Amino acid sequence: MNLGIFIEQVPDGDGAWWEMLASGLGWTLGTAFFAWIMAFTLGSIVGVARTTDKPSLVRAGNAYVELFRNIPLIVQFFVWYFVVPGLVPAVKAWVVSLDPTEHQFVTSIVCLGLFTSARIAEQVRAGIQSLSHGQRDAGYAIGLTRPQTYRHVLLPMAYRIIIPPLTSEVMNLIKNTAVAYSIGLVELFFRTREMAEMTFRYFEAFAAATLIYMVIAMSANRVMALIERRVAVPGYIAGGK
Amino acid sequence: MIEIKNVSKWYGSFQVLNHCSTHVRKGEVVVVCGPSGSGKSTLIKTVNALEPFQKGEITVDGISVGDSKTDLPKLRAKIGMVFQNFELFPHMKITENLTIGQIKVLGRSPDEARERGLKMLDRVGLIDQMDKYPGQLSGGQQQRVAIARALSMDPIAMLFDEPTSALDPEMINEVLDVMVELAQEGMTMMCVTHEMGFARKVAHRVIFMDQGSIVEDATKDDFFGKPRSERAQQFLSKILHH
Amino acid sequence: MGELDFDVIGRSLPYLLKGLQYTVQLTLVAALGGTVFGTLLALARLSSFKPVALVAAGYVNLMRSLPLLLVIFWFYFLVPVLIQQVTGSERPPQIGAERSAYITFIMFEAAYFCEIMRAGIQSISRGQIGAAYAVGLTYWQSMKLIILPQAFRNMLPVLLTQSIILFQDVSLVSLLNVTDFVGAAVKIAQRDSRIVEMYLFVAIVYFVLCYTLSLMVKRLQHRIAIVR
């Protein structure tokens, strides 16, 4: 064990190895942040679509979820990074105009955002369907429109109910960001691997990454627990109606 | 006020409503009863289009419910509804439950909505609960808030769908008292309920349903005096025994 | 991009199938091994002997907070070192990523299967274990004969769903240059410069396989629900 390695300079770079890892962590969290916004938005829309009484919307929503759930994430990365630009000239033209890091970053956000959105859609659907049908009726009965009923009655409760599974999804997303290594995004795992290969300090590098991922997981857990407590409904026990 | 003409409804091939016709006049209180599965809850929910129907016609205040051009939210806002399981919105305080419809549907200002809502809350005797959440109230209290929520929309008629059947016995009367008071003030009401005491006290007419059909539609005195159908007699004897 | 050439798939099919065979093999071994170790871990987590429960919980939480990719590389690097320690040989043995992946996935999946089995065991009413003790069974007997069979049966659809996820996750070993299904496709894609065709093909094959399997799990779930 040699902790000095972390303050050693990177041979051809500027800064020490710990700074490299920190920059990797920055990319990991940045990618996860934007992907989460995308996933939450799309996932909510698709999840809602699957609870409407329009069979075509339900079927389209189901197809969306199945599509992203049944292809390995790394293959989805390859599809967005290689196949889509290869098949669509407009995308190709745009991608060529980006520098490689931008291309990797955008691809990672899109890929992880869509992948995670399918999982969130599943949770949102389950959350809405766990509410009694009478809640929807009650919204309609006081004259709320369908969008208003979702906005004010169904979704606020559904989101509260699914906070625990959403917590897992946040953590899954951060962990899944490591797969962006496959297209060369310089996130935390990429930097860890680089450090291990270049210094032959495998143990130190992997141990550092392990520690960082554990801290992230614990912090994510804390933050979500905090949110859960903040939005808890007095007198309402989750699951019981 | 409410006209139901020849309404039929199917779930797939199963007929839940079979040529139902009746009416509720302004200021009239009509009680709908019948065994479970007779279609009474479905019938009352067709009145504000919570349940669609395939045949027949329903008009409320001259507006056709089944017409696809009808602005349903606007129509529903005119009819108050009280549900078996209260269906207050658990994540909103009592005051918010009372004002959301007024603000979002009727376009009232928050202050105006609050004033109106609190007046109705006072009326059902729960003004001191205004800052609580539904989950912190008893079932009977929740149902009274639900009635106040419906009333604060200034409805022209009220629908009650088994309002006391999810309540513990000791809480039934506090809800019935509010309903009786409402009836005596001349509110137009259509109530699905098994509370025959309530029917005797304030109903003008009683409708008896069985297997999706309206079997009996009679004045209160006729119904309790001498029900014409055997099924209604059986039902009454069962229900009045306890 | 008009010159797509899907013949490359036909030409390289035997190689791709060999990759797929490795993927399936690894999935099956890891699912079985993961279930066995996961069940033991679950029993440990539920043990009334605190140190055992704590160690098991620590292991499960550690595994579940790490990216699979990091775990794969950890084991790839650690397993030879550990074997060297155990056997006392002079140099770490060259066991290769293909073989270390078996250990990786069994150990990693054990953490996930553990949580499933724990939920399964906890879903069995406490009266069942009381009844087992009452007829004179020991702890291990009541687990083996009464509790675990029920827990396993109740959780079978979830275990199978997790195995489908595992089947997809195996693809990450391709980043260690292992020739699983994805690894095979990557190699051919690069050799023949047929990246678009190969990756599209791989995506479609995975989709068809996983979708079919998940439909089968859903049907099984229905059947179990009816029998219960």
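Order of writing sets the labels: A, B and C. Residues in every chain begin at 1.
Here is the rule we go by: a residue touches a chain if its C-beta (ideal position, glycine included) is under 8 Å from a C-beta of that chain, and two chains touch if they have at least 3 such contacts.
Worth saying up front: this structure is predicted, and the values here are computed from it rather than measured.
Chemist: When you check each chain against subunit A and subunit C, which touch both of them?
Modeler: Chains in contact with subunit A as well as subunit C: not a single one.
Chemist: Going by C-alpha centres, which chain would you call the most central?
Modeler: A
Chemist: Measuring centre to centre with CA averages, how many angstrom lie between subunit A and subunit C?
Modeler: 22
Chemist: Taking each chain's centre as the mean position of its Cα atoms, how many Å separate subunit B from subunit C?
Modeler: Here subunit B and subunit C have centroids separated by 55 Å.
Chemist: Please tell me the distance, in whole Å, between the geometric centres of subunit A and subunit B computed from their C-alpha atoms.
Modeler: Comparing mean C-alpha positions, subunit B is 45 Å from subunit A.
Chemist: Show me the residue ranges of subunit A that touch subunit C in the complex, using the header's touch definition.
Modeler: Against subunit C, subunit A makes touches at 66-67, 69-76, 78-79, 82-83, 86-87, 89, 92, 171, 175-179, 181-182, 189, 192-193, 196, 202-203, 206, 209-210, 213-214, 216-218.
Chemist: Enumerate the contact residues on subunit B facing subunit A in the complex.
Modeler: Within the complex, subunit B touches subunit A at residues 45, 48, 50, 72-74, 76-81, 83-85, 87-91, 100-101, 104-106, 132-137, 149-150, 153.
Chemist: For the complex, which residues does subunit A have touching subunit B?
Modeler: 132, 134-135, 137-145, 148, 152-153, 156-157, 160, 233-237, 241
Chemist: What part of subunit C is in contact with subunit A in the complex they form?
Modeler: 1, 62, 64-70, 73-74, 77, 168-169, 171-172, 174-175, 182, 195-196, 199-200, 202-203, 206-207, 210-211, 214
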